[in-house]
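First the structure, in the form of C-alpha cells, and then the observations on it.
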C-alpha cells in the first residue's frame, strides 16, 4: 500500500494519522504541502526520521523545489521522486491510501 | 496498467487539480492508461468553461480539455455535486461530460488503481 | 468528449471510505455518503471507516435546525440498513463493515454508545490491516 | 454600528458562507448596518446563478440575493478572483456586482468592524 | 479584540496559534468545527480549560447543537452565545482576528 | 443591486494581514498579496504578518517551473518596495511593517536569512500586541 500525505505536519494531523495507521513496511509519499515533513531541523523531523526507519518514505521533488527546499536538507533515508517516480510507486504498490 | 483518477477540489485554490494533471501526464508518458478522471465535490469547478486565468498563469480548465481531446481521457463531472455548485451543461467546458456517481464506482472497479487528489 | 466503457462484469472489489472530517464545517461527510450508497448498487464490498474527526459524523443528537443546514445523520441510518440487508440476504455477495478507530474515539471522549449506528471498534493496528487489504481507498 | 463582511469560501463545501449569512441576519435584526459583503477567493462561487441545490437543502446563492434585495446589502464579487474561477457577468446572480479589490479596502476603512469568514 | 476559531483542535493548529497569540484577557469565540474544543473529556480539554481562566471564552450554540454537543458537557467558564450574542461580541470588542 | 459609497475621506486605519498558510498547496498566499497591494493605493497602514506555515511564503529559492504554477515570490519584492517607498517619502503617512513570528520561524528550522525580503522578527508576545492594536485583521 502507498500512503500519500499532502498536508503540512505543522498545520494538520494528516501525517500523524498516516504514521499511526500505515502498516509497518508500507510506502509513504510526501507531496504538496506534505513535503515540509521531509527536511531536517524542524519540530516534525524526529517523528519523520523515525518513520523513515520502518517505512519506505518518498518525497515529490517538484513540490520541494516550488517551496524552496533543497535535497541536502532531506532526512536520512527519504528518497526524492518526480511525477514519473510517483507513477511507478502507484503501479508497484497494490493500492493508494490518500490522507486528505 | 489502468489508473482511475478522482479529483475533489477546484482549480487554483488547492493544488489537487495540478497534482492530478501532472500525475496523469506522467502516467500516459510511461505507457499507462488513464481511461477516466472523475470530478467530485468542488472538483466540478474544473469544468467551468468561463474560467479565464491571468495570461502569465496556467489555464487549468483548458489543460484538462486539451488532454481529453489528445489522449481520449473520459472527464466525468458528478451531476449531484455539479448541480449544487452550478456546473451544468450551460457552462461545461468541451471535453467534459456530466454523469452520475456510478461512473466513479465503475472507474474504481474497472481500473487497477484509484488515485485520489484533494484537500 | 470520450465516453469510456469499463469491463466490470463479475468484478468484486473492496472499497474503503476513509472519513476523517467533522460534519457541517465542511460538506465532505455528506457528499461521501452518496458515493457509499452507489457502491451498493454495484454490489461491491465496502469498509465505511471513521477516523480522527470523522468519528463525529455519526455522533447522536445532531440538530441543524438553527443553522438551516441539511442534517447529515439520517443518511447513516440508510447505510446501516444497506449493510443489514446485505448481511441477511444469502444470495447477496456483499460484505460491508462500519468501523470506528478506537484511538480517535477515545481522544474525543466518546464511546460506542455515543454513535447513532452500530459500529465495529478497531484498534489502530487492526484498522491498518483493513486499509492494507483494500482495493481502493476513497478519503476525505 | 457598521460591519463589513469578507467571505473566502464557496457555498456548501465550507460553512463560511452559512456562518456569514446567519451573522448578517442577526446583525441587521439588532439594528446594525451591513453595507457591504465582499466575496474573495472561492467566495466568488456564492454568486453563481446556475447553482441549483436539492429541494430539501438551503439555497445559499438565492438567499444572499434575496437579502440584498430586501435589505440593500451591497454584494461585491472580486473581479480577479472571479475571472480565474469563471464567475463573470454571464453567470452572475441578481443582486451581486463585480468590482475590484479596492472595494474590500473601502469596506475595511468605512466600517467600524471587519468580520471575516473562511476555511 | 475578539478572536474567532472555526477549526477542530484535533485537525489543525488554529486553536494553538490563537491561544499563543491572543493577548491575555481578550475574548475568544469557538465556532463551526471549533466548538469541539469547548467540551470536557477530550485530549484538547486541558489547554482549553486553562485558556478559559485567562480569557473570556465563548462558544456558538447553534454550531454545538448541529454537532450533537450538549451544554452540560461544557468546560467550566465557557459561555454559550447564539448569533445575536456573536454580533454583540463583535460590537463590544474593538476588532476581530479570524484564525482561519 | 445596491452600490454603497463609503465615506473614507481622511480615514487612516491599521490593517493587519495574518498569513498562516504555506504557498502552492493552496492559493491563499498569492491572492492575499493583491489585497495587500491595494492597501497602498488607499495609503493605509499595514502589518504584513507571517505566522505558522505562512513563514514559508517568503522562503528563498522557490522554483515552480516543474509544477507549471505561478511563482508567488516576486510579488513579495513588490510589497517590500512599497514599504521602502513609504518609509522614505516624508509626505506619505503610511507605516508598513513586515513581521515574522519568531516561534513559527524556529519551529521550522528557519532564520531571517532564509527569507527573500527583510523582516522584523517578533516574539509571540510582541506580535500579540500588534494584533491587539489593529483596526482590521484579514486572515487566511
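So that you can tell them apart, the chains are marked A, B, C, D, E and F in the order they are listed, and the count of residues begins at 1 in each.
The rule we apply is simple: a contact is a pair of C-beta atoms (placed from the backbone, for glycine too) under 8 Å apart; a residue touches a chain by one contact, two chains touch by 3 or more.
The structure displayed is predicted, hence computed values, not measured ones.
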item	value
Target chain D, source chain A, minimum contact steps	2
Centroid-based (C-alpha) most distant chain relative to chain F	C
Which of E-F and A-F has more C-beta pairs touching across its chains	A-F
Same or different residue numbers at the chain B/chain D copy interface, by half rule	same
Longest centre-to-centre distance from chain B, chain (CA-based)	E
Whole-Å separation of chain centres (CA-atom averages), chain C against chain E	29
Whole-Å separation of chain centres (CA-atom averages), chain D against chain F	24
Junction residues of chain D - those touching two or more other chains	8, 12-13, 15, 22, 41, 54, 57, 80, 113-114, 116, 118
Sequence positions of chain A contacting 2 or more other chains	6, 10-11, 13, 32-33, 62, 82, 95-96, 98, 100
Shared interface positions of chain C, touching two or more other chains	24-27, 52, 67, 69, 135-137, 139-140
Interchain contacts, given as pairs of chains that touch	A-B, A-C, A-E, A-F, B-C, B-D, B-F, C-D, C-E, D-E, D-F, E-F
Chain A residues within the chain B interface of the complex	6, 31-33, 62, 82-84, 86-88, 90-91, 95-96, 98, 100
Of chain C, residues touching chain B in the complex	1-4, 6-8, 11, 13, 15, 27-28, 31, 34-35, 38-39, 41-42, 44, 135-140
Parts of chain A lying in touch with chain F, wherever the complex brings them together	6-8, 10-11, 32-33, 36, 39-43, 45, 61-63, 65-68, 70, 82
Contact footprint of chain F on chain D as seen in their complex	4, 6, 8, 35-36, 40-41, 68, 72-75, 80-81, 94-97, 100-102, 104-111, 113-114, 116, 118
Residues of chain F that touch chain B when the two form their complex	24-27, 67-70
